[in-house]
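In structure tokens below, several structures.
Two complexes are shown next, each including subunit A; its partner changes from subunit B in the first to subunit C in the second.
Take a look at the complex of A and B:
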């Protein structure tokens, strides 16, 4: 395969690392010294609390790709917990805070769980409803919340230095902002954070790689809600008085605007956005009546012209300082195929039927794949091959019939469960995590093996090395040519050390020389003991890789046996091959 | 027919084309070969106006078109059948086809019926499926629909990006037969990007080979088929002849 060997592997993402955290710490110390009037210090506290709430949106929207217009409600839950806790209930500030965080986490779990199957505008609608219900409850449940009058005389946290002056409290608020930003930033490079990014980029592919997408989405909502509540608690003790107006739908929209203006996928972006939208109205206040117009237009302009938000510009600037990253040396070879007896049945499909409405896509098909075998599934377009792959990997539930994989009855199991039994798959129309690097893509695939981060990385390294993409590891997948993207998908499947690999048209879009390279890789994998079930239209590729073939037509099996015999079968030639010499390229 | 002259194109900071020049004469089938990422699809996208060159020009029948919008270029009779089909999933086959004619102004009902009849003659399956929604079609049917939609524009020039992608062998043969027929019967000029170089060269008169954003080789289809470099890089060595 021809690649530009001279191409440098530069990391396109700016990784400010510990330096940014250090600079942030200095800013935290300096800001309250620079903003000394009571008015500006209060703004600083407000900005910090809004920044924290926006960081919650970074987790749920920026990382996981789930829109939430209920962040003001969670912010309000934290605020009311501290407000009521330190006034009416007379409990310790910290206990009240913990109560608020727990309450928000529970509410986040409820919202996350009820919206599991929703996306896009439906999800937006449900979160808006949640937000409105919250506002109605806090306004009308006067006995508990004090209603529209709000709660006053809220206490500040008892601290090792008394946090009684506004300036000291501003330090406290900014320190909390700094800490949450650091944690959210660190989250990105954990298994959980990568799973979130994978869901944002391609939920189906994440699930097929073994990411329990439901669990991760609920966790994202819980984290986001908890972080939002922390912001609210800090706000309540900063202003010492709260009312339901500070937590209404307008504020939920404002938090979303802060995330979008700053750049929702980055903690620093969220802080920039929150800071800008806190101070901009104050700067514009002199313009009096037209200030809201300018404020609104500024937000529209940023969103239209800076789709990545302010962070996008910081990133461009930071790219100059990006260092060249190299992969560490590979310390273990790729390991695939498991440890069973060669020749035993590992996948048994029995009388499998799949209907879509009135259309029978797969009609009572039996298929057995033995360990160590490379098995081809061929047939005309629309004959049900991809449907079978989708049913086996759990994306579709069969209408009838049974599937056993390594002794497990996998009918009705979620794709992530099936992946954990040792199955991996590729997709016909690539499903990569396009905005992530090759390295991150393959790491998500490597999670399946479990163990520590080091072991996950070792598996990913071996897989990238195996497909020959080591010099492209830190490139963003979107920028790679199609042939390389196909290899990324293969490496991502292999990194989880599968026992059975399902390939859906791996050769499509490759030229004849690239296909020979693919044949070489697949043969090596098969020799290592990996069982392969391959759907492919290039007969020269099929006959070079597979020993056994099953042929489908109109959802039914029409032939099965050794590849060279099957390809001579008159029914197969008629329905599928056409001119046999041309099809086989001989 | 049309000429591409020293065209440079970049995606942001990434340069995709570094001075591509090629010429397609009226009534020809010309194929464009090259590895993944060489810039073949980018070349087609630039000709059809989805991308605009930083430098260089594209001339159609004496008129420079590289500053025009994709819509204006489509109105001048260049039709692009994109890679990966891009069938409108929520529309029926018939609606997909009718939209293909939207480059022409005020097409009457008679004219539309006539055009539909013409493409249904080439693709009888589509007539049977005309009320099915785009997403319910199999890969092969979608490819046929994409080509048929391209033909509805009554193009003078058809740009085809990997029409055989993901098709069963029998359909690959069918697609190439159809391309030849479109060219022979309607005199439509065709610029073809294909990974299946052997079959593409078999129906083309001439070909160009691209590498990292440049044209590195050109010649008649016969010459390219015999060229050892081409055989090595794109035809899988000596085997496929």
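Take a look at the complex of A and C:
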């Protein structure tokens, strides 16, 4: 029985992707045999190099959700490195390639770093600027690049792969495409890949779970640029002649179109898109004059009608053949709460003030949370509860005051740093990674605990088991009912084994049964030693879970103490019943 | 000394004039951004289309110049409306990324559509004030003031004034502002949000078209003219502070001057690069722009 179960788990890890890799290898071998004329073989090489560039976009756009319209520039950097390296500078092909990849990686790092604080439209704009400046430089810096005339007589790789015929070179190009596709596909299931997906789905939540979003975004740009440059290098040695026209803004748009039409979040989709848009203009020879019009049109249609690209349909079709996946068995119980002495102060908030313009949302609040306690932060709407949670978790920088967490002064630290000290939080309005599975959501949270992949998985498993979602682990979060989504968010916070859990209205929107289940879970967590700071409006939930409460009104602390006493406190009663004079302290 | 002074004066004037075109296009950006939080990457193409429509009606159909301009503006109304219906509306509830990509798609479509219809050769359109010797203008203190440039500056100034009056003193303007600030609340107050957004797109399209017609005599009319203008106008809006009307104007004028001086004193071939370098510098040092954009995500 036991052996069968382990067998099934290994089986579950054999993904359709493995088969695709095998089929891909066969295709790589067969294609150059099928395309026999020099012209079509050249197209094959072109398609492979474009496919590689598009795979770079999969990393930055598909995985990380950052738009880049500069991929043609990186593609060009790789192409020029090989072109100039093998002709003017007369260095070895592989050395030239490495130089090109390094140059592109550096350029990617610069682009990534400049755009860190920017999202959306700024990012699109800056990448366009980068692309245009690149084109201006390659066209006008004639002394180095040869200007608009380009570079001819480019060499092919001399040794290691004796690829001097077009057919052999096509094998080389396709093998490179296969390799990059495999790597990009494997990336998705690594800690880095999941961090990228988390950023795409919800950057704020990713940061709060300990993902260093800045670092990951820069890495995504570097990877994307390097992959793009590899594509360009293969193109240059395939066509033996390059000019700046092959790397301009139109091509950047074409790469974007390829990624979108095929499906930007999937390596196979990207190859599909690149292949289609390489050969389509050939098949529609008469339409050559307007094929860019069709590109533009296709982009809009794809965005409107099939957000996942063609690959979305393939996936839909393939779902029929998908096998049921099972979670590996849970081999350790959930571990929470850290290792300190119960009762010690772990969070000390001192005279915390947060102003938004002229509005004082939090006014000189003191708050101490001790290890092992379940502490409620309550108060009427607009009293500053969520603001305090946001300041403590690092989303807002306090206007004044100090916060110490486990001995660290965390004022001004980024949320991911604070998360790494051992803090986890949930959000008032759910911030799940909606398009990812429950398993992936929780894994992102589990990475905070550090350690090897196996340990991360063990923590994630334990957290999913704890909230009772084991049978839903491979569901996409978007498809789950609201109550379950709330549990996923809880499991995600727990998987990193936090020492302090901040919960922002965990009960909101849940029905009575779900609330009872939540209370049971929170009480168990607290019994196991987890320190909880909870913001909640449901007083029965609060009195069931928390022992201590701090009451806020209009940003000021009006009462503190044991929950049952605090709830009877005249100022608290007035605040909730809305007596203005008492509430304002007049 | 006097010579270099008048040369610099000339450069300032030319820079301001080009800058005011960027400002016009930038105003279109800002309008759409404020109403919908969407950055329309096809904004520059509106200018290109405006210029081509004018060329088509005036040169092709031999209409009288001002009549042709009026008809071309009417066509821009249709373009703006169609654009809103086909590109923005289906994506109105999606995140910014699909919308940006769709407007980029539209931009490629417009550009290459124009290329297919009008061909690659640049076309010429007459200036608003036509003189026998071609370019009319007056010389003051050693600086030659080209009429077309003067007109561009005046039109920009006038439009900004009108726009200000419209938003501050008319009910329709207030409704549009309300829509841009909170669509749901505006809807609850009975403001026809869809109509307001459509009006915004139409107005932006008009602004874009007009700017294209005004620069047409200065630059040649090509399918690529919109892309450059659009990008620079966009750069201007970012430098000025995204979503801020004053910022768009100031940013546009500043970029025009910087670019003209850069082109004259540093390098002509890299002229188009200066605006982008300025932009990148801004993004690094002061990403919120001169007047600042209010961005805050609520947890």
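As a convention for this text, the second predicted complex is superposed on the first by the 539 of 586 C-alpha atoms of A that agree within 3 Å, B and C clash if a C-alpha of one lies under 4 Å from a C-alpha of the other, contacts with A are read in each partner's own complex, and residues count from 1 in each chain.
Keep this in mind: a residue touches a chain if its C-beta (ideal position, glycine included) is under 8 Å from a C-beta of that chain, and two chains touch if they have at least 3 such contacts.
As the structure is a computational prediction, the values presented were derived from the model and not from experiment.
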{"item": "Subunit B versus subunit C as contact partner of A:482, first or second or both or neither", "value": "first"}
{"item": "Partner chain(s) touched by A:89 [first = subunit B, second = subunit C, both, neither]", "value": "neither"}
{"item": "Touched partner set for A:125, first subunit B, second subunit C, both or neither", "value": "second"}
{"item": "First (subunit B), second (subunit C), both or neither touched by A:317", "value": "neither"}
{"item": "Subunit B versus subunit C as contact partner of A:515, first or second or both or neither", "value": "first"}
{"item": "Subunit B versus subunit C as contact partner of A:379, first or second or both or neither", "value": "first"}
{"item": "First (subunit B), second (subunit C), both or neither touched by A:428", "value": "both"}
{"item": "Intersection of subunit A interface sets (partners subunit B, subunit C)", "value": "428"}
{"item": "Residue ranges of subunit B touching subunit A (in the complex, touch as defined)", "value": "11, 14, 33, 35-38, 83-84, 136-141, 162, 165-174, 195-199, 211-212, 232-237, 239-240"}
{"item": "Residue ranges of subunit A in contact with subunit B within the complex", "value": "1-2, 4, 356, 359, 379-383, 428-429, 479-484, 505, 508-516, 537, 539-540, 575-579, 582-583, 585"}
{"item": "Touching residues on subunit C, where the partner in the complex is subunit A", "value": "39, 41, 86-87, 90-91, 94, 96-98, 100-102, 104-113, 115-116, 227, 231, 234-235, 238, 242, 269-270, 272-273, 276-277, 279-280, 283-284, 287, 297, 299"}
{"item": "Subunit C-facing residues of subunit A, complex", "value": "65, 67, 69, 114-115, 117-118, 120-122, 124-126, 128-129, 132-133, 136, 140, 204, 249-250, 253, 256-257, 260, 289-290, 292-293, 295-300, 303-304, 307, 386, 389-390, 395, 427-428, 431, 504"}
